[in-house]
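Take this structure, written in structure tokens, and hold onto it; I'll ask about it next.
Should a chain be cited, it is by its letter among A, B, C and D, assigned in written order, with residues numbered from 1 in that chain.
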Amino acid sequence: MGVTAILFWILSSLALLSAIMIVVSKNPVHSVLWLILVFFAISGHYLLLNAQFLAIVNIIVYAGAIMVLFLYVLMLIDLKKIVDPQRSLWIKLVGVATGCCLLLVLIAALSKADQTTALTQTIGGNIGLVENLGKILFSEYLVPFEISSILFLSAMVGAVVIGKK
Amino acid sequence: MPSLENIANFIHNWLYTTFNATVALLLEFTIVAILVIGLFSVLGLVLIFMERKVSAYMQVRLGPNRVGPKGIFQTVADTLKLMVKEGMTPNNADKFLFNLAPFIVMTAAMLILAPLAFAKNFQIWDINIGVLFVTAISSVSVIGILMAGWASNNKYSLLGAMRSGAQIVSYELSAGLSIITIVVLSESLKISTIIESQANGWWIFKGHIPAIIAFVIFIIAVTAETNRAPFDLAEAESELTAGFHTEYSGMKFALFFLAEYVNIFIVCVIGATLFLGGWMPLHFGTNTTFNEMMDYIPSSLWLFGKTFFLIFVIMWFRWTFPRLRIDQLLNLEWKYLLPISMINLLLATAMAILGWHF
Amino acid sequence: MNALIVTAVLGVMMMFSSIVLKRNSAIRMLAIVGLLFTFIANVLDSSGVHFFSINIKGMMHFDQFAYFFISISIFCTFIFFLLSAKEMERIGVNYSEYFALIFFILCGIILVASFTSLLILFLGIEIISIPLYILTGSDKKNLKSNEASLKYFLLGAFSTGIMLMGIALFYGSTGSFSVENSVVIAATTSPMLLIGILLLLFSMSFKVSAAPFHFWAPDVYDGAPTVFTSFMATIVKAAAFIAFIRLFSLAFTPLQDRWQLIVAVIIALTLFVGNITAVFQQSVKRMLAYSSIAQSGFMLMALLAFNTFSVEGILLYIVAYSISTMGIFSVLVKMKDSSLEEFNGFAKHQPVLAVALTVFLLSLAGIPLTAGFLSKFYMLKAVMHSGNFLWLIIFAVLMAAVSVYYYFRIIQVMFFKESDSNTIIVSTSFKWLLSALAIIIIVLGVYPQLLLQFLV
Amino acid sequence: MIHLLQIDISKAVNEVENAGSYLPIAIQLLLVVGLIGLMLLASHKLGPKRNTSDKLEGFACGIESHGDARKPMAIKYFLVAVLFVLFDVEVIFFYPYALSFKQLGWDGFWAVMMFVGFFLCGFIYIIKKGALQWED
């Protein structure tokens, strides 16, 4: 097992553990913090794939910006007032069963995929470097890039409609 | 000429000739570790002392003058005092988050030190996305602040943290945009390349008006990002006691305090690196005599000189401008700095495409 | 491409309209005129007059079907504006923003009608969804509207996540975002691709509120302001269908035998759940929500069989369903609440409207001589042509019979119940418009070629 | 040229050519966490521990604190955070552009201008609507 593989397993188990903690924690603020840890683990994965830009963006936008937004939202609502609705055990079991089904299907499919041999692209793959990504983004994928500005505009309008009195 | 580069080279070569590769690597790690810790303690002490003395002289007083000659050991004494103080955790605080918050803030501050170049070829970690890395890690420290405010379960803390969060994230935008202006001009995110691109003149001179505008905006934005006066309404003593770290005491408080000063140091180093040429000496065109004279000054002195000049400017602000209200603060960023820096960036880009800069 | 840019620019214009224009009627006029202009731009585009020359790098493809569908949705939005734009004033103060969001939604609709790359599909779906979350929650004082918005947002985000996972798996196995048969054929054996298709199928079923994924629909349709429900349940839903069908007909036909049965089961479930639950509803709004689920069962049949019947059928279905549902909603908006009692003796007070409503309801139920009947007929015929799934056809007919019950219940209370003296006030132009729509439904029911001739 | 750690890592960890360049930061992270932990531990050991309930109460300048501090905050902060997320994404898009604008030339510039133009529209809209106005 090489260093990459060891790192991969460490990061994966960190990500999975924190993801489970997000769901399990009683306090939503704790969940947010576990989520940040997940993002860092995912960023580590991106780095293993040599996708630097994604790794950094993941930290800036998700771990930085969106988590701040989440924390603000949590501070907007009165956490004390919210009584955790008592879901019946049956519902919980069904939820777990469904999740496990999806997991099973995904594992079954992915284990047969031929991509398993190419574990990570640490060597050779350099499309994730910032300048290469820029070249692709502003030429090949220019149309989706421009269209995404409409998405941002509608989000801005939404923020004003919802947030402003 | 004993420059930092030569010393580092010497140590490196000596290590690798004396020991085998792995041991040498480990030893190097240890040396770097000791250096970083040393830098930290020295930085904290020096900056706090400097702050006190600068404020004192601005207000025509003497400042600390009892402990040691001219009071230079005052901060050492203070640090020792903070070390042996009791670190309390309030009863109704969220214990875990309360203790984690200073950790995060401090860790973020110390991680940013890694890609900074302190002298010619003297850098812990020269990564190809250096500037981006700095932006990324600095965007995380706000989480620590919000966490501290929320976990304390104190109204002052929470209010301070909310204000601080809003302020930091807002000013991050224009700070980022002015950083990108320099990235556009030097076409690299790597700190060493950015510095080398200024060999024939610093960006603030070469970059025409866009670089100057970017520099001004950068200084304003980082002053706000480090919660310094006149943007210190997150910890406005007269209204919010101490803002998000009201409940902190002892070492945990010291960590927040230290992180604040380390952050000031870091942003000033970045400002010096991006706009003022980092460790590059001041060069004037083809005036070789002058240039060689300047080269004679060690590169580390150049960087620290520029950095401490910027730190002094930021401290100067504190005693010059009155504190802003939160609405003025957000207006300044959203209505003025953000659009200006955005248009400024486009201007710089157009200029760079046309090749108008030197 | 014309229409896409025009709608985007119009969206921006509508954003600023409330700052420039002070009167709501002026804003409304601007929106209507803008929509007319968009329609013209789109028609010109389809006949070869392109306003802009943009290299779209093969990420979108505007074929005749796409142009036609875009025209239909612009036309339906136009009708929607004429019928209910005035009612939006009552929801909140952000009158112009609602129009802006609707224009952005139209942008998304144009994207999903013409994508050939999964990136564009994703962007389109998101551009449709995000304004919808906001419109659903636009009645900020109303707790139900807030709840619906949050529910819609959470479930919508979840389904988008599943969709992204599907796209990722698709990309992982084919190495391309391009929605083409050849791409899929090259990777048919990959199990990752199959899972990707499955996840895409599920997330798209969510977006069109097909049965096991329909739970959000009744609550959201019920909670949202009625005006926006009528937009969501018709035009937006039709766009989701077009995206669904486009995705599967362009790319996944080589693997048809793998997913066809799942689709058939989804259709059967959708028909069953929609129709049976609709029977028990007391609120007309909620009943229409379930009926819209039931109708999606029929529309999904186009997915089972790709042939000329299904292509013509789905367009006819969209027109018939959208116009009828919008017509009913436009009356419902004007009522005090949406209970069935509100319709008591409606025929006495508003005979014209009552007749028009009857035509709409008959069309939804699929009674001959209306467009609704023909469209259902086309869909069933399409499935018949594909050869399999006879059981589904029988089941669908059975369920259509069930649907007659709850649609006729409204007709019955309108004509045969005593009124409680509550009348609604409508303008003459509204009556004219509604009658015209009823006539369109009947004309299309008799002579569908009037519409379908444009498809050639 | 020596970057104290950089150069040797790729020798020591040959297998991870590119990802290996992040090892220094990982080590620095461990180091920093260890150092801070040590500092906290030291002060914990050195400092006195005399806990009284009065002392551990929330600080409210000497007066008794009323109610829970975690009260709902003004929605203004939320608006700022939402807009920050949107604009932050825009700023992020500039990084790849800043590194490749030379090759992209004017085409790329106009593309970015269009993107920024849309954003500026949104920006003006926000200002005009007073979404960032602190006082209503």
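In this section, a residue touches a chain if its C-beta (ideal position, glycine included) is under 8 Å from a C-beta of that chain, and two chains touch if they have at least 3 such contacts.
Here the structure is a predicted model, which means the values were calculated and not measured.
Asker: Out of every possible chain pairing, name the one holding the most C-beta contact pairs.
Answerer: By number of C-beta pairs in contact, the leading chain pair is B-D.
Asker: Taking each chain's centre as the mean of its C-alpha atoms, which one ends up farthest from the centre of subunit C?
Answerer: B
Asker: What chain sits nearest the middle when you go by CA atom centres?
Answerer: So the chain sitting closest to the middle is A.
Asker: Express in whole angstrom the distance between the two chain centres, defined as the mean CA positions of subunit A and subunit C.
Answerer: Roughly 31 Å, centre to centre.
Asker: How many angstrom lie between the CA centroids of subunit A and subunit D, rounded to a whole number?
Answerer: Centre-to-centre distance between subunit A and subunit D: 17 Å.
Asker: Taking each chain's centre as the mean position of its Cα atoms, how many Å separate subunit C from subunit D?
Answerer: 42
Asker: Which integer distance in Å separates the CA centroid of subunit B from that of subunit D?
Answerer: Using C-alpha averages as centres, the distance is 14 Å.
Asker: Show the residues in subunit A shared as contacts by 2 or more other chains, in ascending order.
Answerer: 53, 60, 64-65, 68, 72, 75, 130, 142, 150, 153, 155, 157, 160, in rising order.
Asker: Hey, what residues on subunit B touch two or more of the other chains?
Answerer: Within subunit B, the residues that touch at least two other chains are 132-133, 150, 158, 162, 165, 169, 189.
Asker: Among the residues of subunit D, which ones contact at least 2 other chains?
Answerer: Residues 22, 68, 70-71, 73, 77, 81, 83-84, 88, 95, 97-99, 101, 112, 118-119, 121-122, 125-126, 129 of subunit D each touch two or more of the other chains.
Asker: With touch defined as at the top, which chains are paired up in contact here?
Answerer: Every touching chain pair, ordered by label, is A-B, A-C, A-D, B-D, C-D.
Asker: Name, in rising order, each residue of subunit B that touches subunit D in their complex.
Answerer: 5, 8-9, 12, 21-22, 24-25, 28-29, 31-33, 36-37, 82-93, 99, 102-103, 106-107, 110-111, 113-114, 121-127, 132-133, 150, 152-158, 162, 165-166, 169-170, 172-173, 176-177, 180, 183-184, 187-189, 241, 246-247, 250-252, 254-255, 326-327, 330-331, 334-335, 338-339, 342, 345-346, 349-350, 352-353
Asker: Touching subunit C in the complex: which residues of subunit A?
Answerer: Within the complex, subunit A contacts subunit C at residues 105-106, 108-110, 112-115, 140-144, 147-148, 150-151, 153-155, 157-158, 160-162.
Asker: Which part of subunit B faces subunit A closely enough to touch in the complex?
Answerer: So the residues of subunit B in touch with subunit A come to 94, 96-97, 100, 128-129, 132-133, 135-137, 139-140, 142-143, 146-147, 150, 158, 162, 165, 169, 189.
Asker: Mind pulling up the subunit D residues that touch subunit A in the complex?
Answerer: 13, 15-20, 22, 68, 70-73, 75, 77-79, 81-86, 88-90, 92-93, 95-101, 103-104, 108, 111-112, 114-115, 118-119, 121-122, 125-126, 129-131, 136
Asker: Under the touch definition given earlier, write down the residues of subunit D that touch subunit C in their complex.
Answerer: My answer: residues 118, 121-122, 124-125, 128-129.
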